[in-house]
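The first chain written gets the first letter, and so on, giving A, B, C and D; residue counts start at 1 in each chain.
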Amino acid sequence: MHQLDYLNTCPRDAFVSALGDIFEHASWVAEAAFPFRPFSGVAALHDAMTEAVRKAPHNWQLELVRGHPELGGKVGRAVGLTDASRTEQGGLGLDRLSDEELARFTRLNAAYRERFGLHFIICVRRHTRDSILRNFERRTATDPEMEFQTALDEIGLITRLRLVAAVDGPGKPRTDGRLSTHVLDTMDGKPAAGVRLELYEIGASARGLIAQATTNADGRTDQPLLSGAPLRIGTYELLFFIGPHFARLAMADPPYLDVVPVRFSIAEPEGHYHVPLLVTPWSYSTYRGS
Amino acid sequence: MHQLDYLNTCPRDAFVSALGDIFEHASWVAEAAFPFRPFSGVAALHDAMTEAVRKAPHNWQLELVRGHPELGGKVGRAVGLTDASRTEQGGLGLDRLSDEELARFTRLNAAYRERFGLHFIICVRRHTRDSILRNFERRTATDPEMEFQTALDEIGLITRLRLVAAVDGPGKPRTDGRLSTHVLDTMDGKPAAGVRLELYEIGASARGLIAQATTNADGRTDQPLLSGAPLRIGTYELLFFIGPHFARLAMADPPYLDVVPVRFSIAEPEGHYHVPLLVTPWSYSTYRGS
Amino acid sequence: MHQLDYLNTCPRDAFVSALGDIFEHASWVAEAAFPFRPFSGVAALHDAMTEAVRKAPHNWQLELVRGHPELGGKVGRAVGLTDASRTEQGGLGLDRLSDEELARFTRLNAAYRERFGLHFIICVRRHTRDSILRNFERRTATDPEMEFQTALDEIGLITRLRLVAAVDGPGKPRTDGRLSTHVLDTMDGKPAAGVRLELYEIGASARGLIAQATTNADGRTDQPLLSGAPLRIGTYELLFFIGPHFARLAMADPPYLDVVPVRFSIAEPEGHYHVPLLVTPWSYSTYRGS
Amino acid sequence: MHQLDYLNTCPRDAFVSALGDIFEHASWVAEAAFPFRPFSGVAALHDAMTEAVRKAPHNWQLELVRGHPELGGKVGRAVGLTDASRTEQGGLGLDRLSDEELARFTRLNAAYRERFGLHFIICVRRHTRDSILRNFERRTATDPEMEFQTALDEIGLITRLRLVAAVDGPGKPRTDGRLSTHVLDTMDGKPAAGVRLELYEIGASARGLIAQATTNADGRTDQPLLSGAPLRIGTYELLFFIGPHFARLAMADPPYLDVVPVRFSIAEPEGHYHVPLLVTPWSYSTYRGS
């Protein structure tokens, strides 16, 4: 971890050495940003680097795009992944695809490469597998110029995450999202404590259970259900095991409500999603709160 | 189908012949009810028959209980099912059990028989398979006297359904339940028309999709989702495909809400369950309504 | 009350005599509609009459507008009101204005007359006093041609109500609105019976309490709170006296909720407003339902 | 303001001098607490003082009760109010009663004095005038022994507030309540900013508008609506001026919802009342939140 202060004052070689890997195989981006020192914050440093990419000759941009590994494909798993890329893709399990998923990725990689002559680039850490596949198919159908810009934008998102991990200092761009919840017993006008929660990623290629918690005395969880990273674009189901909370009452048998599923999608990886439940034995409400 | 008027005035032989099969292999029940004619309604006729059972000697009651077929077991499938019993059990697919389910039923049948010396009797048409299994296990643990009364009560429920199917006339007991819904777009203050709905029975032994419909201009379905029979005690999930309804708006991608699942249990087979959805693109409420 | 069948077949003189007063002091409207007999329904008859007005020479239209009495003003109270006009205005209490209200109406009448050379015409039965004053001020500021059309439209609304009251037959236009409610105890999953309701018209010139009722076993009122007439455009407050319903519980003292006011406005006199309350001791929801 | 540390170590005279006025005209209470030094916190100090009262001879207790001024009555206004009492009662306007209210207080004071031979004592700062009158009437009907204990309890509440104001240190008892709100636009899934709020105390003797605010970007108010003091037991109406928030939409005219009143009662002066509004143009929910 480098300090922004240090990067603002160190020699050119040290600067390029520190930031040369942020843009994969393209230390010229760090070099192009160097003259704009000092940077008021980490976000300003990243802006300078992406601005350098935007102003670079097309063939440099092309090389940058080509320097990124193929997503989840055989090539990607066999060769050429930098450590950073390997870690980023591993978090989503792209290195543990089923045969069928691997076949689908391979087919999409081939179609994309044939159409654009490029690898498909996406900021994996902002997506679920479902969302990657959906974007993969959608982007394979767009026109080459627009798609090239989209690829550069995704490199911007990838490098922003890398920069935030590599450089400490003021003015960090917001890269983390947050998913929280709150259970209110509106029959008693009190938080519902001790309610078990399970969060599932759902969809064809979903990872299943990704978080669980129990509500505390304030009806909240001690930690957000998800935080400290971008939220992955995709569809989720949050299960509230509300049955035991009302078991003290003489309820219907079986009780009308037991496990309450709330199914929702996340579209903003850097957003705050608050998904509360207001519940009685016979009714509930939920909404995107704040 | 017999008319109650006819049964109130016909000769004894015709009366017993008409009603002798209502209580399985026990035409003496019809004979015992005969002297209490005329009956003001179908429910009164049924009451007279169950009263006759309650006042009968214990060994007659015992024979009545023993006359009922074994539930879903090998014996039940091979021998002794009256047509009525076969149809009633068939509706739930008890004659198409998986090997595992068959093994479980067989095991429970054996345990129950060993404990009580009887077949397990339950009014199948008021239950899902899950509910039958849950009751089977619970009742196997009760004491013999209480369980014998429960078996007679279940015979009362079974014969009530048979009587309602066999006799036409005033004063029918309520044996049908109803499940209905209503979708309101509370962003526009209007019913949500054209919303697809799917109703699933869920649980370990559930039958899957059991009803589907699309809301009409009033946000309701032209027919109740379930009606014309007892509701089966069990757990259900009603899916509201609300995504397309809000697709005219510039929504998040993917939209926050797309398929809204409402999971609930039915405990009263003869009840009315109204399960509405009040929905905006970012929130919803549901409750047991009326 | 005339039958449409009769009006479709009677002699011209009888037709004009029956309908000559529908448009105030303008029997020529009935005469102009006569040749279009037979009318398939009451709405079709009214359409023919308003069409005749629209096609009439401007000075005939002008005379029609001038034939209407001044609203609530001294002149209106002293002279020239037909019985129909007197009754329509009386329902709202325009003949019992306070001195201040009378002064306001008189001032608005004068301003309107000076600007347009006409009396202000509005279908009083579709409005509260507040709404009339709001429209009066707004319309006094529009341009004369648009306002003349608005006056003719209002005459269309006035005469539609008169026609519906005067002619019986099929195809009646919808002129009645309806206000209904429903109280659901979502703590118990049941209708809340025995809840007292009071409906107030509110606003500077409001009439106060205009309806009251108590919910029945289904949580509804035996009759709609308002029906059988157009709803008056205006603002209302519906009070739900929910305190006693939850008094069986050990509640906070004083209870968190006692009288729940729901304040809403009606904008469609012929609409159906369903204003339900879903309530627990600590929460409630309301919405425009259907 | 004294420091608890100082009181834990200062000479006896200084201790009694500092705390002698907490219990009105009864410095013996401070003297009786002195031997129990040191106190771990302010609450512990107060507990020691109230314990001293509870263990004191009845005639000392009686003198303590008699030392409190008459509430809002002529005597109270003319003589004997300590500065503390005057300020406490002034906050509620008990020194600015209307003639009618003064008459009612005078009558209740007389009835109470006749029945119990005492002044009515209540911790004014935890009540609205309505609540005081309600308690006055209720307590006048209880039996003398219970009422004497209630009077001592109220002195405990009064002195707890005085002690918290007079002594700084750790372990302060909770004496403040809080009323907060939150407005969520569930049509847009976002906080509703810029919504004007008005809080009224309502009831026969209510003080009217007591707070106003406008929601910030998070749909909350920068400061709680009420805080920094006990909440006064009583009934309130919180008005949400939601009309302008939805005015960008093509709404009904007048809009279905404009000012949304939420009427609720506070029963716990030291509690946190969170009263949110989830609102669309056609619906809203509110609940006691946390």
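Just so we're on the same page, a residue touches a chain if its C-beta (ideal position, glycine included) is under 8 Å from a C-beta of that chain, and two chains touch if they have at least 3 such contacts.
Just so we're clear, the structure is a prediction, and the values are computed from it rather than from any experiment.
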Q | Selected interface, C-D versus B-D, where C-beta contact pairs are more numerous | A | C-D
Q | Most remote chain, CA-based centroid, reference being chain C | A | A
(Q) Averaging over Cα atoms per chain, report the distance between chain C and chain D in Å. (A) 47
Q: Using mean C-alpha positions as chain centres, tell me how far chain B is from chain D in Å, no decimals.
A: 56
Q) Of all the residues in chain D, which ones touch at least 2 other chains? A) 186, 189, 256, 278, 282-283, 285, 287-288
Q: Quick one: which bits of chain C touch chain A in the complex? Just the residue numbers, please.
A: 186-189, 256, 278, 280-283, 285
Q.
Per the contact definition, I'd like the list of chain C residues that touch chain B in the complex.
A. 184, 186, 189-191, 218-219, 278, 285, 287-290
Q: Could you please specify the touching residues of chain D with respect to chain C in the complex?
A: 131, 233-235, 237, 252-261, 263-265, 267-268, 282-288
